[in-house]
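Let me give you the structure first, and then I'll get to my questions.
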Amino acid sequence: STAEKAISEADCGTENAFCIGVVTDLGKVDDKSFNQAAWEGAQAGAEATSGFAKYVETTDSKDYAKNIALFGDKGYNVIVTVGFLMAEATVAAAAQYPDTKFIGVDQFNGATTTNVTGLIFDEDRAGFLAGYLAGNLTKSDKIGGVLGMKEVPPVRKFGEGYEAGIAYAAKELGKTIKSSVIYHAAGDTAFSDPAWGASTASQLLGQGFDIIFGAGGTTGNGAITKTAQTAGTFCIGVDIDQWNTVPEAQPCLVTSAEKKLVKGVTDLIIAANDGTIAAGNFVGEVGLADYHDLSSSVPQEVQDKVTAITAQIVSGELATGVKP
Amino acid sequence: MSALINEVKGKKQKYDVGSWLVPIISVLAAMLVASLLMLLQGLDPVLAYNSLFTAAFGSSEGIAATLGKATPLVLSGLAVTLGLRAGLFNIGVQGQLLSGALASAWAGYALTNLPPFIHVSVALGFGFFFGALVGAIAGYLKAFRGVHEVITTIMLNSIVMGIVDYLASHPFKEPDQALTRTPQIIESVRLPMFGLLPSGFFVAVFLACAMWWILGYTTTGFRFNSVGRNRFAAWYAGISYKRTIFFAMLFSGGIAGLGGAVETLGITYRFEPAFNLGLGFDGITIALLGRVHPIGIIPGAILIGGMRAGAANMQFDAGVAPELVDLLLAMILLFVTAPLISRFFKNSSNRSLTGGWGN
Amino acid sequence: MSALLEVTGVTKRYPGVVANDNISLTVNAGEVVALLGENGAGKSTLLKAVFGLVKPDSGEIKIGGTPIVFGDTAGVIARGVGMVHQHFQLVPVMTVTENIILGGEPKRGLFINKKAARDEILALSKRYGLEVDPDAVIEDLPVGMQQRVEILKALRKDVKLLILDEPTAVLTPQEIDELLEVIRNLAKSGVGIVLITHKLHEVMAVADRVVVLRGGKLVGATSPKETDEAGLAQMMVGRSVVLQVNRTEAKRGAVVLEVKGLQVLDDRKLLMVKGVDLSLHSGEILGVAGVEGNGQRELVEAICGMRNRESGEVLLKGVPTKNLNPHAVHEAGISHVPEDREKHGLISTYSIADNLILNQFDQAPFAKGWIRDLSAIAKNAVETVAKFDIRTPSAFNTASSLSGGNKQKVVVARELSEDLPVLIAAQPTRGVDVGSIEFIHNQLIAARDKGAAVMLVSAELDEILSLSDRIAVMSGGKIVAVLDSKGADRNYIGRLMAGLKE
Amino acid sequence: MNSLVKRRGFYYALAVAIPTFYLYLQSSNVTTSVFSIAVTFAMPLALAAMVGIMCERTGIVNIGIEGTLLLTSFVAFYAAIATKSILIGFCIAMATGVAMSLLLALMSVTWKMDQIIAGTILNILATGLTSFFYIQGNMLPNMFKQKPIPGLSNIPFFGDVLFKHGVLMYLGFVVILTLYFALFHTSWGLRSRAVGEHPSAADTAGVSVSKLRYINVAVAGAIGGLCGSYLVLELVGSWNRGFTAGKGFTALALMIFGRWNPLGALAAAMFFGLSQAGANQLMIDGTVNIPPQFVGILPYVMVIIVLAISAGKVRPPAAEGQPYEKGQG
């Protein structure tokens, strides 16, 4: 792993060192998704605090505690654990390492422990905005989504928010828009089956759907990559701004339904360094990513409407109607 | 005469040096090749191996973790082995294990009024039963409908995955919890640790010994072996091919299901789909590494368990990606089975361990 | 002009055996050379080397004056060598045509010219008077027919040298006569022929020269003019062999096994046994003679519980045997030496010891309840191996390490060890050498003398004639005659077998 | 025609064609779309099954198909990026497939190893190598684009379903049809099948068993390379760890389901593809509200039911899995 050279690894656990450890979920730090974002956030945090950052990748979900302990035993100051599956292991570890601050990405922290901060996001809001944009952009009035497994809460919230946003736009525009969200059936490949994502996107495109939202690891990436090959379509990425992480999708990638993970992690690390980090939950920002090169394809009035709605959604003024 | 008999019987237990040395040399050779890969990436192999093996075997916690990992591997290896002995290639261990894991988790949280000992037995029994059920479907279709077990077990893996996901995310889901998982099993049904050793490991080793004894010394074992080697002659000798196939698949599934149960009751304490991935396919590797011998599986499982347990430490200390373990595994299997090393030892047979799809 | 085939100083070692030890041999155009020797003497090895299938350790093999290259079977075939192998080299799921053209397919463009191939087979079959159906699938054919296909395969390219490794083992007397005729004609037209057979009268009938191998060494050469069958046998074995079976008069007892109106279907669901009535007495050997494929196999399998009965019944000591599985039939008191020893008789990766108790593995003394008694199994093995003269370094070697003759001894030993009232032996000496045949024959007679009712099914008419007390001739799925063996006429039975009345 | 009526496949085809035609009359657009997507679901599975058929017809069991697909798709991706040419990427992927196959042949033909182990080694090796050397953040220079075949693509229904794909898909069809004809109508096919059924029969007829096995396994590897390339260079356009998601194992089942016959396996794969596309369609239309898991397991359940009813006693090539020892038998 790359290390920030401001201080050396050997200093971790000593007075003047500030060390950050990242424990990934089953994925890898280069997964173009939240593991990667968390690691980027940790690196940025290390930079800002002149600290040192390091990661360990989990290969078996039974190893969460062990992997966290690798950092805890070395006296790391902050440990970032990634993914909702690690929530319990994080809380348990927090009790064991009271001097370490834990940041649980995507983990709702219901515990009273004082050294855990859950970094959570309202995915439904991001999904809502994506749906709203899509509703305003569609020409065929058919909008689709190719998602991972519905049983995974963020995926469901993205999907339902997306549909709510489409419905909202449709009502506003006074027309009917068909929206179809397809979830990967099940199984161990739900988030790693790009071929399924691509074919399923094709199926939607073939039936006149002109905007595809891909949300579900590389399965979703397969869908937006496929969409990029059909002229006159848009696709929407997920989690982080996928403009750079899935460059293949650039021809259609109008935006991404973003959870500002990198920023959230960075901010929390800085707060931990300052001693201002609060236990409990920290709701990270959500929103739509930049339009990048497709900005010109989004009419100014639509951009304005999206900006307006974003303000309402983020402030909570407009509810998505999706149950948590 | 009796001296002759004793000599012959003794011969069975005597192993030639090759059978010990070949695996050891294979592991070393594989590590050597992997070192080159690490050097290529500018990493330090000595540090990596040191950290890998210290983590896996260097402390009592490490050994406990290793054995914990080895436990389901032994059981899934045994499941594959039993199938292969009867001429069946059970690729469905993954599905059987999952269904056993879910069933035992359910028994572990939903049945709350049982005395602890009975509760543990019932939960293990549920695991066995539901694994066996999945195995038995494949066994029935093979024995009585002639449908190839490789097809059915592959299909059943996906089917079980779907059903288990559904159950864990709807009827059996932990209330007020967004995740796809069951509630935790109650305290009293958890498998205890003997010091640092997980009791599940003893279950696995006991089962391995039991299978070794049954296959080698009982008429039931003789039936399984006979059907696996020549089912026509077995039938001629009065062994029901269909029944044997059916029961072999059933027990194979049951053992796999038990693997899931032991994992649930001893390690994870609940069912969560992502917890058990990959164990089924590792079972195939381990069965082959152990030369389709119930006892041979144990060292193989410990080795793989250890490497998996130490992989994160290796990454932490030496920056080596944990995937290196897969590469090591592939090369060990290659060196053990290819006549690259074994040809230097007499007696090391190159016998076929599996019958392809043929039986 | 050099000889057609020149083998000089060929040596081939296998682990622990010298299969061929410095063997030299020539075969000239137009002559028939018979190669004799016991099982394992090295005959097949030598000729496989000639065909490019086995690589000799030293020595040279020349065909038409030029040395052959090991592994280049295609080249050897191209030089006009045809070989009929000891074990069928036919692909069971393919047709006769496909099997014959394999390796030299007529083509039209990229594809096989199936019509040309078919026509070629028909022409070939006509030319040698060996009738076959070009479209039949091999596995549906009786073995005699399969052997015909093998022979046609070898004759397809205009052969100069024809190698025949035990071609007559599965043929009827008539078919053998036809084949011997083909051999004579080929020799007349200048083809050189090497013939391996265990049947000495065939050697006497066609060979110009005889070469004998023993233990891998060439131990002698002679010609039918200079010696007789007994002389040949002695050269092979190195001692004198009793070719004629010694048997006393049968002490025929009560009827033990009765077959009534039995009808049986074959694998293709055709009626193969068309109503057979038979009775078998204790203390006699009933020989069932017949051309293979006339229902004998199905008859035996139906009696022994290996095949469903369409109608009719089988009574053992007056009790119907209804439970149709081989083991139950065995329990009821019928022991059976199955025709296909590799498929049904043995588990070849098991030890000889386990094979010797295969059908009693769960009974005392070999199992105590659920647990197998390995000592009892070992004791039985050591004793039986000694008693039945099974040639092996250890009773705990795998059965696959045995020669065919010794494998057969294992099966026979197992079936005879229980002294059951009925013994059904199907083709018990097929492909077995003279020494082992002698032994197995004596065992059958010993069983009879102990009071067993023995049914011997064999395609070998001489075997039937020399062992049986009564002879049932089977043809077209029916027993066409039951004769007393005393004074039975070989030719008459041959005609009955061929389906000719009188 | 007469022989057609006797063929079982003819009735299967009818059983699909009649309801399809009915559906087509109901909603031509959706029916066409479902079928053309079914083809994209089916092709990788069918090609992967061809890899199996090529090997097993000559008697080599190959359970390393998954590994072959994984590694070849990986190589196709990075080679195309490195050389900036998808064509070169495709060629290198085929070469990689051949190389993997040669390893399989070395292990199973020359070293006479247990073939299931040999295949397992390929699988683990590919998993390890690809995830160890994976580097993210690369992008293909371009992809094999959809190229409707002039004329043919205008045929109603069939034009959309079969003739509006990319070149690798067309190549896939060519490979499958060629393999079918080659296997049953050429001398190569006759010899290959003979080697798979009874190697010593082939050997004694002058056919070199090892050579043919090496050749066929190598060609199978090339087909694996085509399949991997199709997945990455035509269908998806990006690569990630675990990219092939178990297709190589499903293909094994389809190969057996299709009775080791290229057209049979293609039909089996189509059946599978249709179930998946159909399952998607149910979700697109939102007409039914059954849990996605149950929709998802539908194809697998169907395969089992069909096989259980038709009681498919399948017979694999007889010599499969057994190393051949020259001069024995």
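Lettered A, B, C and D in written order, each chain numbered from 1.
Here is the rule we go by: a contact is a pair of C-beta atoms (placed from the backbone, for glycine too) under 8 Å apart; a residue touches a chain by one contact, two chains touch by 3 or more.
Everything numeric in this text was worked out from a predicted model, so none of it was measured.
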Any chain that touches chain C and chain B: D
Among all chain pairs, the one with the most C-beta contacts: B-D
Whole-Å separation of chain centres (CA-atom averages), chain C against chain D: 44
Euclidean distance of C-alpha centroids - chain B vs chain D, Å: 29
Euclidean distance of C-alpha centroids - chain A vs chain C, Å: 75
Rounded Å distance, chain A centre to chain D centre (Cα mean): 35
For chain A, residues that touch 2 or more chains besides their own: 149, 185-187
Multi-partner residues of chain C (at least 2 other chains): none
Sequence positions of chain B contacting 2 or more other chains: 158, 161-162, 165-166, 321, 325
Touching pairs - complete list by chain label: A-B, A-D, B-C, B-D, C-D
Sites on chain D touched by chain B in the complex: 56, 61, 107, 111-118, 120-121, 124-125, 127-129, 131-132, 249-250, 252-253, 256-257, 291, 293-294, 296-297, 300-301, 303-304, 307-308, 311-314, 316, 318, 320-323
Chain A contact footprint on chain D (complex, rising order): 29-30, 32-34, 36-37, 40-41, 44, 131, 134-137, 139-140, 143, 145-146, 231, 235-238, 240-247, 276-277, 279-281, 283-286, 292-293, 295-297
Parts of chain B lying in touch with chain D, wherever the complex brings them together: 37, 89, 91, 141, 145-148, 150-152, 154-156, 158-159, 161-163, 165-166, 170, 284-285, 288, 321, 323-331, 333-334, 337-339, 350-358
Of all residues in chain C, those that touch chain B in their complex: 306, 325-328, 330-331, 338, 343-350, 354, 358-359, 361-362, 367, 370-372, 374-375, 378-379, 382, 394-396
Touch list for chain C against partner chain D, complex: 48, 51, 53-55, 71, 73-78, 83, 85, 87-94, 98-99, 101-105, 107, 110-112, 153
